[in-house]
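Okay, so chain A shows up in both of these, paired with chain B first and chain C after.
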Partner chain A sequence: MTEKIGGKLIKFGDNVNTDVIIPGRYLVSIDPQELAKHAFEPLGPEVQKRLWVSQVVVGGKNFGCGSAREQAASCLIGAGIKAVLAKSFSRVFFRNCINTGLPAVECPEAAEVAADGGEIRIDLAQGRVDVQGKKFSFASYPESLKQILDAGGLIPYLAKYVLPQQEASKR
Partner chain B sequence: MGKTFAEKALARAAGLSEVSPGEIVDAYPDLYMSHMASWRCIRTMEKLGTDKLYDVDRIAMVMDHISPAQTAKTADDQRMCREFAQKKGIKKFYDVNAGIAHIVLSEAGHIRPGMVIIGTDSHTTIYGSLGALGTGVGFSELTAAWATGKLWMKVPLSVKVVIEGPLARGVSSKDVMLKLIGDLTADGATYCSVEFHGSYTEGLSISDRMTLCNLAMELGAKNGFVRPDEVTRSYLTGRGVKPGDYSEIHPDADAAYAKTVTIDGRRLTPQIACPHAVDNVKPIEQVAGTKVNQVFIGSCANAKWEDLVEAAAILKGHKIASGVRLLVSPASKEIVERTVRDGTYSIFLEAGALITNPGCSACAGDGGVMADGEVTLSTANRNFQGRMGSYQAEIYLGSPAVAAATAIRGVITDPREFMERK
Partner chain C sequence: MNMIEKILARASGRKAVAPDDVVVANVDCLLLHDLSGYLTGRVFEKEVRRPMRYPERVVMIFDHHFCPPSEEGALVLQENRAFARRHGINLFDCGNGNTHHVAVRNGFIRPGTVVVGSDSHTPIHGTVGCFATGLGNDSHAGTVMPFGKAWFKVPETIQVRLTGTHRPGVTPRDAALWLTGQIGEGGAIYKSLEFSGPYIEQLDFWDRWLFPHIVVDLGAKCGYIEPDEKTLAFVRTVTDKPFDAVRGDADRKFEATWEWDFSALEPQVTCPPTVGNVKQVDEVIGAPIQWAELGGHGGGRIEDFRLAARILKGRRVHRDARFNLVPSSRAVFTQAVREGLVELLHEAGATWFPPSTGSNQAYNMGAMTANEAMISTHARNFPGRNGNPNAKMYLASALTVAASAVAGKIADPRQFLKEF
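Now for the complex of A and B:
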């Protein structure tokens, strides 16, 4: 988790729900690229176009509330999003981000000042955000979550570390 | 200092003597529920490069959300699940005829007090109605549990909700929850374990406890909980589960809560969640008269037998308004059978309802969708934009009684109007 993530940001308000992020009708797919075509569809094509040229999604309070659909995180990955920063996250959405390898950063102050279309830099290792010429800090992840993110998500993490161990202990 | 329900349940599942809020533990859930999304777990297993399951008896699969299949793709996904279940010897497999997973698994006696249960559905919180800790996860996480038996979980803070009863006439557990969600907002209990206490919960039916715990999700909760009591035990006994088959977990009297909220059910009136957010709640007086095109009585929140009986009591002897569609989707096959036997089914038919097969139905946008500009009054738990068809349609949420009264008049109607006349 040494890399710094950043780029253009797209900003949303409070309580953006998973039905808006990826409507239920598209859950027949689990392909991030395919899903990305329908990300934020209920908000219209203008918003979608801006999503596709952004690298960071900034949300308000309770971002990702609603269903447990993991595709709400993976569709953003498919759209080229490198991180989500919000005032707060819904529980399952936060988990789904970590487990699909998408950094989710809770930093209310940075989310407040971020301007739609502006630039943002997130330093995960240091727990710092740079936005609108201001610097903010956030609590870094516990070690166990860091490892999952570093591996690129829960499934690659299991494949790399946990399953080989299980096999070894059985022998 | 005493411990809350969630602290005790997670300590047990993690094999630790005690845990505290904020701690991240490796928990071994007792049951892993996956619905239609099971095929995604199967595909993820392939990606993991293993086909060994940690404990096949902890896997429960229910083919809800889309049932029966509507496209060749869905049919293929369902076939994949069916074949996988057969090959692996998954006994808790329920096909497209069973109904909504949460209700089906409860009826089958798979949900027991003290269990920790994960499910690929956010409303997995509903299992708190039987004294279990149920919480929603993504499909990768569920697959991780299939393969390794464990999952990282954060020990939540707990919120104590004290509900005083009995409820006023025409008011139900749904109204209690809508009021609570309106007051606390959609993130009022994010990541928290919500424990329901108070005189209303004592001796309360399992059906109403399900509505409470189901809608706890709409507060952002990790799980919901009602203390197991005689009602719980006799429900379980009726499902072939004996008290020796489980161990109840009760919170300590001096447990620490992040906050305590009291709600007086004796003074409550029917509540409505307005488009497009569940916490956009208004007392019915403020929205009565709003024209609807469709009424949906369904979902894991409010399509249990008790809910259907509540709606039928108002519909009896009436016809639904002309031009309005009334869609009834019982939550399970068992509920369909029961309504057929006791005459509730006929009351709906005579009133002009369309009764579908048991399942998520319109709640998951699986049929019963709306055209641009249409309005549905639904007994489900979500009214997000586009959840039932057009992005330009609107969903209002209310109790089964409100739904029945609204179907008769064709506009959002206070059910007490029908109760007073009787």
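Now for the complex of A and C:
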């Protein structure tokens, strides 16, 4: 987990669903780079072009609602997105972000003032957001989630901490 | 403790749990469908590389495809089948029905258990008295398949207490659609919703099913109905296996109680572009539709075909509309044959499709152009799920769907019912 994340942001509204983030017909892939080509495709090529040069996705309420597809998180990683910040998240999307190693930050105040195309800085360790010249704070992750993000996602985390122990205990 | 807390406590070896506790619980059933199984399988075999701990608890159901229309689709199914065979998990191939209906009808979902799945509507199994929720590929491949476990944060619970008796022409699906509009998309993020009250108690199993069906689109983690004699009697018709049903304590606490009465409810139609855009039917009467469909997670029940038959008896599907009938399981189709519904609806101009999840995301059927619209019993109407992102999807009861198929445009079913 890179503790300080920053760059250009792309802003969306409330209730952005996973059919918009990555349409179902592309779910035959789990390759983040391949998926990134189709991220936000239903919103048109202009939005996609802006996505590909952004580092942070900012959403409104209930970001990532709808189908439980994990590719909704991994397509953003493939598109070069380093963090998602929203007023609130759909729980499966939030879980999928953590599991794929994409920081998902809930900070309604920062999401409100963020301006599309503007700059944003997120300090995950300190729980701080810097946007539009204003500073906001958010609750940092519980230790268990921090460990998963630090490892780069659930599978790398299990490979590092859990699977070797299981192997050892069998011996 | 309430039902969910008791189930999670038992599954994690604890005496008690409370909201916000994080527990590692034993998972009793993992549901995969044809769009998720092989992707989960790749992660499991390439990155986790451990044996499948409890293959008998894993169920893979092909429901988005019933007969692949392309080589790409055929390859997906081939990879799924090969994975299922390598690991000895349960496989229900094309033509068995919708993933959730097949799981219930084959006895995999039993009261008091923990059910997870890659379909976001997995919370529907709260109807059986389970703690059921959707996870993602990595959770399934990383913790459920190798260890039979998953971690959960215990959610706060809201009681949704429902009362009233419908007017004629109004059905439990109208009530569920209307509730979605009332609570709102994201109106219950991370919560558990307990549906109760005299309204819920008087419903039969498959009408109760329509309420836990909506919770994911409200943002909830799970939803449930406490199992009663009706639930247990139904479960005994699908499995001989023992189970230990759980009900909450009488003095259980809720974060909030929301109450609604359905006595004055009118038929409802969910309009594009999202499930929260719910209107009374009279606000959308006359909107053109080219397609009508009974199918999906909440549709394709025998109850839906009976309602459609009430409208179509002595009438025909409009010449400019197509009416798709998609049974949710083979058992439903058999029942429809026995009741004469197959012939009646076929002769009225509707088309029967194989048991599956129908036009859900248009994998095997249900693609539309920018100028087309469908009215259906499906769960979602988000743009782009059925072909062109400008195609419109309306959601309504089986009565309203059938009435619209007859009229060739959105219609109030009450104009076709005898009592009016």
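Here is the rule we use: the second predicted complex is superposed on the first by the 169 of 171 C-alpha atoms of A that agree within 3 Å, B and C clash if a C-alpha of one lies under 4 Å from a C-alpha of the other, contacts with A are read in each partner's own complex, and residues count from 1 in each chain.
Methods note: a contact is a pair of C-beta atoms (placed from the backbone, for glycine too) under 8 Å apart; a residue touches a chain by one contact, two chains touch by 3 or more.
Small disclaimer: the values here were computed from a predicted structure and weren't measured.
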When chain B and chain C are modelled together on chain A, clash or fit: clash
Touching partner for A:Ser90 - first (chain B), second (chain C), both, neither: both
First (chain B), second (chain C), both or neither touched by A:Ala159: both
Partner chain in contact with A:Thr100 - chain B first, chain C second, else both or neither: both
Which of chain B and chain C A:Asn17 touches, first, second, both or neither: both
Which of chain B and chain C A:Leu51 touches, first, second, both or neither: neither
Touched partner set for A:Ile30, first chain B, second chain C, both or neither: both
Contacts of A:Lys61 with chain B and chain C, given as first, second, both or neither: both
Set of chain A residues, in rising order, touched by both chain B and chain C: 15, 17, 19-20, 23-25, 27-28, 30, 42, 61-62, 65-70, 88-92, 95-96, 99-100, 142, 144, 153-155, 158-159, 163, 166
Residues of chain C defined as touching chain A within the complex: 22, 35, 39, 42-43, 47-48, 50, 72, 76, 118-120, 122, 134-139, 141-143, 146-147, 151, 185-186, 189-190, 216-217, 219, 221, 274, 276, 361-363, 380, 382-385, 389
In the complex, chain A residues that touch chain C: 14-15, 17, 19-20, 23-25, 27-28, 30, 42, 61-62, 65-70, 88-92, 95-96, 99-100, 142, 144, 153-155, 158-159, 163, 166
Interfacial residue positions of chain A with respect to chain B in the complex: 15, 17, 19-20, 23-25, 27-28, 30, 41-42, 61-62, 65-70, 73, 88-92, 95-96, 99-100, 142, 144-145, 148, 153-155, 158-159, 162-163, 166
Of all residues in chain B, those that touch chain A in their complex: 24, 37, 40, 43-44, 47-50, 71, 73-74, 77, 119-122, 124, 136-141, 143-144, 147-148, 152, 186-187, 190-191, 220-222, 277, 279, 364-365, 382, 384-387, 391
